[in-house]
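Chains here go by letter, A, B, C, D, E and F, matching the order in which they are written, and residues are numbered from 1 within each.
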Amino acid sequence: MDFTAIIIAMASLGGLGMIFSVGLSIANKKLHVEEDPRIAEVIEELPGANCGGCGLPGCAAFAEAVIAGEAEISGCPVNSDEGSQLIAEIMGVEVTTSERLIARVICQGGDYETAKKGVYQGVKTCIGATFAGGGDKLCSYGCIGYSDCVESCPFDAMYMNDNGLPVVINDKCTGCGNCVEACPRDIMELHPESHKLFVLCKNLDSPKESRKICTRACVGCGICVRLAGEGNMEMQDNLAVVNYDIYGSDPVLPTEKCPTDVLAILGGQVIEEKQSA
Amino acid sequence: MNLTTKMIVVLTVLTMVAGGLLSYWDGITSPRIEAYRLEQLKQAIAEVLPDHESYDEVKADGMILYIGKNSNDPEPVGLAFEAIGNGFQGKISIMVGISLDFKKINAIKILEQLETPGLGTKIVEDPSNKEDRFWFPNQFKNLITEPQIDVVKNIKPGKPNEIQAITGATISSVAMATILNDGIQKAKSIYQLKVQ
Amino acid sequence: MEEKTNEQEDQKSGPEGADPSLEKSTAPEKDGEKQEPVKKPETPAAKPKPAPAPKDPRDKLFKPEQTLIISSSPHFHTHDSVPKIMWSVVAALVPATVMAIYYFGMDTLIMIGSCVAAALVTEIIMNKMKGEGLTINDGSAAITGLLLALTLPPSLPISAGVIGSVFSISIGKQIFGGLGYNIFNPALLGRAFLQANFPVAMTTWTYPNTEKYAQIDAVTAATPLAQFKFDKIVANYGDLISGNVGGSLGETSALAVLIGGIFLLIMKYADWRIPVSYLGTVFILGGLFWFFSPGNYPDPVFHLLSGGLMLGALFMATDMVTSPITTAGSWIFGAGAGIVLVIIRLFGGVPEGVMYSILLMNAFTPLINRYTRPKYFGEVRA
Amino acid sequence: MGLPTFKKGIHPNDNKSFTNHKPIEYLPIPEEVFIPLQQHIGVAGDVLVEKGQEVKTGQVIGKSEKFVSAPVHASITGTVKAVDQFLHPLGIKATMIHIEKTAEEDEWETINAPENWETASIEDLRNLIWQAGIVGLGGAAFPTHVKLAPPKEKEINTFILNGVECEPFLTADHRAMLEMGDKMLIGMSIIMKILGTENGYIGIENNKPDAIEIMNELVSKKFPAFKVVPLKVKYPQGAEKMLIEAIVKRRVPAGGLPMDVGTVVNNVGTALAVANAVVEGKPLIERIVTVTGQGITEPKNLMVRIGTPFKTLMESCGGLKESAIQVYMGGPMMGFAQYDMNVPIVKATSGIICQEKSDIFKKKTYPCIQCGNCVSVCPMNLLPTRLSSFAEMVKLEEAEEFGILNCIECGSCSYVCPSNIPLVQWIRVGKLQVSESKRKKVA
Amino acid sequence: MAKSKTTLRYEFLKGLWDENPILKSLLGLCPVLAVTNSAINGLAMGLATTFVLLSSSIIISSIRNLIPNQVRIPAFIVIIATFVTVADRFLAAFFPLISKDLGPYVPLIVVNCIILGRQEAFSSKNSVFRSIIDSSGMGVGFILVLVALGGFREILGSASLFGVTVLGDWFQPWLVMILPGGAFLGLGIFIGIANWINDRRARA
Amino acid sequence: MKLILLFISAAVVNNFVLSYFLGICPFIGVSKKVSSAVSMGMAVTFVMTITAAVTWLIYHLILVPANLEILQYVSFILVISSLVQLVEMFVKKISKPLYDTLGIYLPLITTNCAILGLALFAVLREYNFMESLVYGIGAGAGFSLAIVIMAGIREELELAKVPKPFEGAGITMIVAASLALAFMGFAGLISV
């Protein structure tokens, strides 16, 4: 065993190591750029879907905004409460839990229920169809049915049913609102979980018109308004509207009285049950 | 310990340990590696030179001549050297065994090459040729080197200094001839200078 | 875009009286994904139906007197279509195919047939695997098979041709998404694959069955380019034009290729800029080398007529899918391919570089497109 | 080389022989009209009438005080039946005023035209044009008084009268030039007086030799300052930017307006309307509409009241054939498909085209084969194939970088695409999304 | 990174499929591509890598608290490089033929992203025992893919497996499979198939 | 002339990525956008050049005289990683834009086979200092060429309908295979 060789080796490599560690430590002092280490920590805790549901261009941007105090800690709609809690720990504050939002499909005019106005040919997206008279369904207010909302959902929380209507899978919906953005007809709406009563129609046509257009259109008969009581619901432009500020969370309303079955009480269940028949 | 010292100490200690460890390992492995290298060399020389007992090394100009000897024979049995040159893709290095007058190749062995598999690699062996997988390197056995080694294509060589090119790898074949021709020239001049 | 016809429209609403939506109320249950309703929703299926009610609630709905087409402008369209273009290319390849059969015998026909068939079958299989409609009618797979066959040496085993054809369509085209999305020319990629796979078979040539070569008993021939590269022999132009030389099936007769190519250019199915710049660059660059050192380098006309240049420039470089869409891009594409070709032919390890030059420029095409985007009307660029 | 024109563009079959020889017919006053409040680019007016109210022809029934807006007038004398949502030819529900005819003869409520326009002040003239509710009749329906009020720093030195009518089938402008050229040129003079320019050009495509001849004659007789410019037949020659390039060789900058290069362009119909308003005090209540195509029994050029349902026009043309499968408002390249014949004629309706066969229906769509045809025809020098894929893949930044907002939706690209890709529709989607995301960024 | 909940079993198995370093994380691709022209080379490379991975994990996880963050990477690399040298010399001394075939790719294990990646992501944060489990899982996953890819390429490219001829004379070897193009192609197909299987599993 | 040929050989004919499989991780990872590919290419070229110079010095001035070739890997990698880290810190300090386009890629490069491979090849082939330097630049240029082409193609493929399982890495490998096939055309052009 040649010990000199070993010593030389230790000395040379050790020397190299020393030189560079000295260099690095000097550099570490002289060249250090301050950056909040919490940004990285927050990013760790985010789900990383980069869905934009928070209104910022991505998870990293959201993290920076949280650190800068420009965004709510619970502002990420996707993050679990547990996750938000962890971020809060990083930030050293309490989280305010907001009520869960769920997307609702406010139309029941599927292929089966609505009148057709012709044959649509062209781009099979809802927004594309708006440039050519809005698809082949006659209703100018209802769902076009080319699934823009479904495509836009980053969490696979939607699908199109056989009747050509979108369906939200409640458990998967995070309330990010992408589908609301995507829908050119404003059929998708975000509602707090506590909203139970819905008028599943957007048609503003006169009763005469709407009867001709869809078997599941609100025909503006006003029965529901009368049953619900003044102030709780009202008719606006031939359409019944629920006043959610004071009503709609715990309604006791005989929904079957609605002649076209647009009135629905939706719990957590999939809206499809209401729409497919 | 503050951070800076810690950084320096940790890295220095680590590298020292690593250096020591490796040097120790070097002591164990390098003799074996060296032995293997020598073994390989000896084997290659043995393959290209006729029977011999030992060889002398003559170094010059970056080339080593191995002169094969038998103890009871004053004349060396022949000469071996490594010829290196460019092939189709990269360097080809060939161990050449040659007669002392440099007129006749005894045999060659290709030590390294980077030719295209299946094409240029036929200079080493040709698995598709069932009769003689080594037909190409075997062509060099007892090949006459004067005036120089020539390559012919698609026909059987007519002259004693000709070899037949590999179909589809003319470049590699020609490169072999060139490397040998150049190497022989160089070895010859070294031999004449140093040995004679 | 799937087309919708009136008939389909009718079928969609189901047979008279039957209520398709009734079945749907038992729509796929996703376990755990649905919560129990707060209150059982009243579905009409559960609701007692008023007895004499109209059979179908939709009877009351509006029915247009005349079903009209709703589409976005423009409502006019040319009469060109993808299949029309593709089958015209096949037609344009007929002269070269005929010459190939004439020179290399009926085996050629079998080779071409197998390659085309393999291409079509692969296309069908890939269509099925991807779960999409059949796309063989558009003709592009047939072109790929045909062009691949025309670039193969006459003596290549049929099985190798079939392997190449399968590779062309599966890896060269369908894996990128099918027609229109491939980056590399599928036929050439298939050929490059074969070249690397079976290098010897792919560089073994035979002479045409013509009188000129009847006496020569050599099994293997050399292509004019290889002859020049390794032995500095220049073939005569007449043979090059008519195709009476060794080489790939469809490339030997410059004239036959040219006839088909000109047809394509006239029909505007191929961008004239690409062959012009490709051939032009080869002519000029090759000419320069020849001018300064005629002994070492072949003359430019020889360059143009020999090897697969004509076939490549007219039929393969012009494949619109894999060439730039901008006009400036087309010029650059052709010129780049020309430069690469001359470098490979004069200095490379292989005698012919058409395939590689086009494949390389295919790789550059996205970048070319990117950097040659024309200024749009009134654009001011920083 | 000959006639001036612009770069790129296409040559669709012009199909004008259906109606180009048919004189303009006056459609009898219709039984009812539906007058949308919004028939122009800009702010919609407020309703000035109530249900049950009697209105006279020419009476203002909707208007807004906002600058970029135009009033609408009753086009017949009658009673207001309803103010409600009705289907607009653009495929949306819009507020319209439904008037039922009560008198066979018009009772006019005109605007105060000056005695002699040549001495009237520019302010008055412009005001008059606003009162008359005149908007561009070339298709975009931009309020003309706004166009004629360029900001001070933009000096306007050229006016071009757009008599190109490059869309296939349409002949309304062509007939107007033949039959009402006189009045039209007076309108042009008025516009040029307002703009204060001396250089007037009249651009006409070479497939209307009779119009060129008549205009030349009129010009040489009465308006020697004007110049008639015959243009090579090519679509979309009529688009402002192309026309300006063809005639005065100026390029409107991207995102800019013609006035950025000192030019204003107006349609021949607009000039006619200006003359009607200024000389006769008649607001814009009628326009020429070409009803044509294989799918209509008897193609015609009709002078019709704004608000007349399509149905009425078709009946006067012998009705829609059984075999008709498509009807659109406007030309085949830019027109809007219709499915309900109750929609009314609006100020921007230049024609109703009824087709028996459709070029695109049932035609298969293939993936883009990168042939570059679309690139080689786009008059705006865009890469339509890329724009459409960007829109499809929602790559808005790239789309904007590639100039999607500059597309004039002329349809040339879709027309030539061998893969039959609905390029323009995708591009429209992209444009909408890009401008939305831009707006969001600003907000 | 609250991984403490996961079971040891999963800690090991994840390397085989769910977090397979090659098919999922796409790390350490250079040796994968370069040396898989035969199954035996793949195996040797896999073993060498696993050795380095395992030994450096042990060392790093045991001294993880001593190393300051700023010199983390140099320190890790020195440790890794040491073991690589050990392995390289070992091969050269005892398996010279394989060492020759693997050429310069053994030293390149130093910079193999898998090893550094595992140290960064796991060993520097977990106990020695967990690190060993994790590294062996990763190592086995690595070896499996290497051998499979090596086998695939060897069969097609040389008609043999582990040096034994398996395909008869009728088979003309696909030389491209032992060339660079074949390496990329083979790995691409492997990745595609792996994703396809995952998709199917996710949907089922 | 030798140096020029060496450069072309390293950049094109024996491309590091396409024929030696070095630096595949960044080649796959950072080739999604042309702009970042260009930055990565520049960063790699920069580090390669430094590496070629520094490792040559270390090898020939320290390791060979002291007969310590066994420390080759350790010392090379130590030097490279420390240097890169220093450069990164430096860039971050002096220029934010430069850091954003180049700096953030630097740490990725430490663990890039291409760098160490370059150092080892240069030693293996017994290049002198100048050759070593040119080899470094050429290899960097070759890497940049490959990654920029790949990024261009991948940007285009964003618009393509690649089957789901092959999206991303799968198709990237297939493209790399095709590129490797195409680059075989340069085989035998130069054999240095």
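Keep in mind that, in the parts below, contacts are C-beta pairs under 8 Å (C-beta built on N, C-alpha and C of every residue); 3 or more make two chains touch, one makes a residue touch a chain.
Values in this document were obtained by computation on a predicted structure and should not be read as measured data.
K.L.:
Where each step is a move between two chains that touch, what is the least number of such steps from chain A to chain C?
P.N.:
Each step joins two touching chains, and the minimum needed here is 1.
K.L.:
What chain lies farthest away from chain D once each centre is taken as the mean of the Cα atoms?
P.N.:
Between chain D and every other chain, the largest centroid distance is to B.
K.L.:
If you tally the C-beta contacts for A-F and for C-F, which one comes out higher?
P.N.:
C-F
K.L.:
Return the chain whose centre of C-alpha atoms lies at maximal distance from the corresponding centre of chain A.
P.N.:
B
K.L.:
Could you grab the centroid distance between chain A and chain B? Build each centroid from C-alpha atoms only and quote it in angstrom.
P.N.:
70
K.L.:
Can you give the whole-Å distance between the Cα centres of chain B and chain F?
P.N.:
Computed from C-alpha means, the inter-chain centre distance equals 31 Å.
K.L.:
What whole-number Å value describes the gap between the mean CA coordinates of chain C and chain E?
P.N.:
Chain centres of chain C and chain E, defined by C-alpha means, are spaced 38 Å apart.
K.L.:
Could you tell me which residues belong to chain E and also touch two or more other chains?
P.N.:
70-71, 74, 78, 81-82, 85, 89, 175-176, 179, 181-182, 185, 192
K.L.:
Quick check on chain C: which residues sit in contact with 2+ other chains?
P.N.:
1, 3, 5, 64, 67-72, 171, 175, 177-178, 181, 193, 196, 199, 349, in rising order.
K.L.:
In chain F, which residues are in touch with two or more of the other chains?
P.N.:
Touching at least two other chains: 68, 70-71, 74, 78, 82, 85, 159, 161, 163, 166, 171, 174, 177-178, 181, 184, 187-188.
K.L.:
Can you name every pair of chains that touch?
P.N.:
A-B, A-C, A-D, A-E, A-F, B-C, B-E, B-F, C-D, C-E, C-F, D-F, E-F
K.L.:
Over in the complex, which chain C residues touch chain E? Could you list them?
P.N.:
Of all residues in chain C, those touching chain E are 157, 159-160, 163, 171, 175, 193, 196-199, 201.
K.L.:
Can you list the residues on chain F that touch chain D in the complex?
P.N.:
So the residues of chain F touching chain D come out as 158-159, 161.
K.L.:
If we count contacts the way the header does, which residues on chain D are in touch with chain F in the complex?
P.N.:
Per the touch definition, chain D meets chain F at residues 367, 386, 389-390, 393, 395.
K.L.:
If you look only at chain C, which of its residues touch chain A in the complex?
P.N.:
1-6, 9, 12-14, 20-22, 24-25, 27, 30, 32-39, 41-45, 47, 57-58, 60-64, 67-72
K.L.:
Please name which positions on chain A make contact with chain D in the complex.
P.N.:
Touch list, chain A to chain D: 117-119, 121-123, 125, 127-128, 130-134, 140-141, 204-206.
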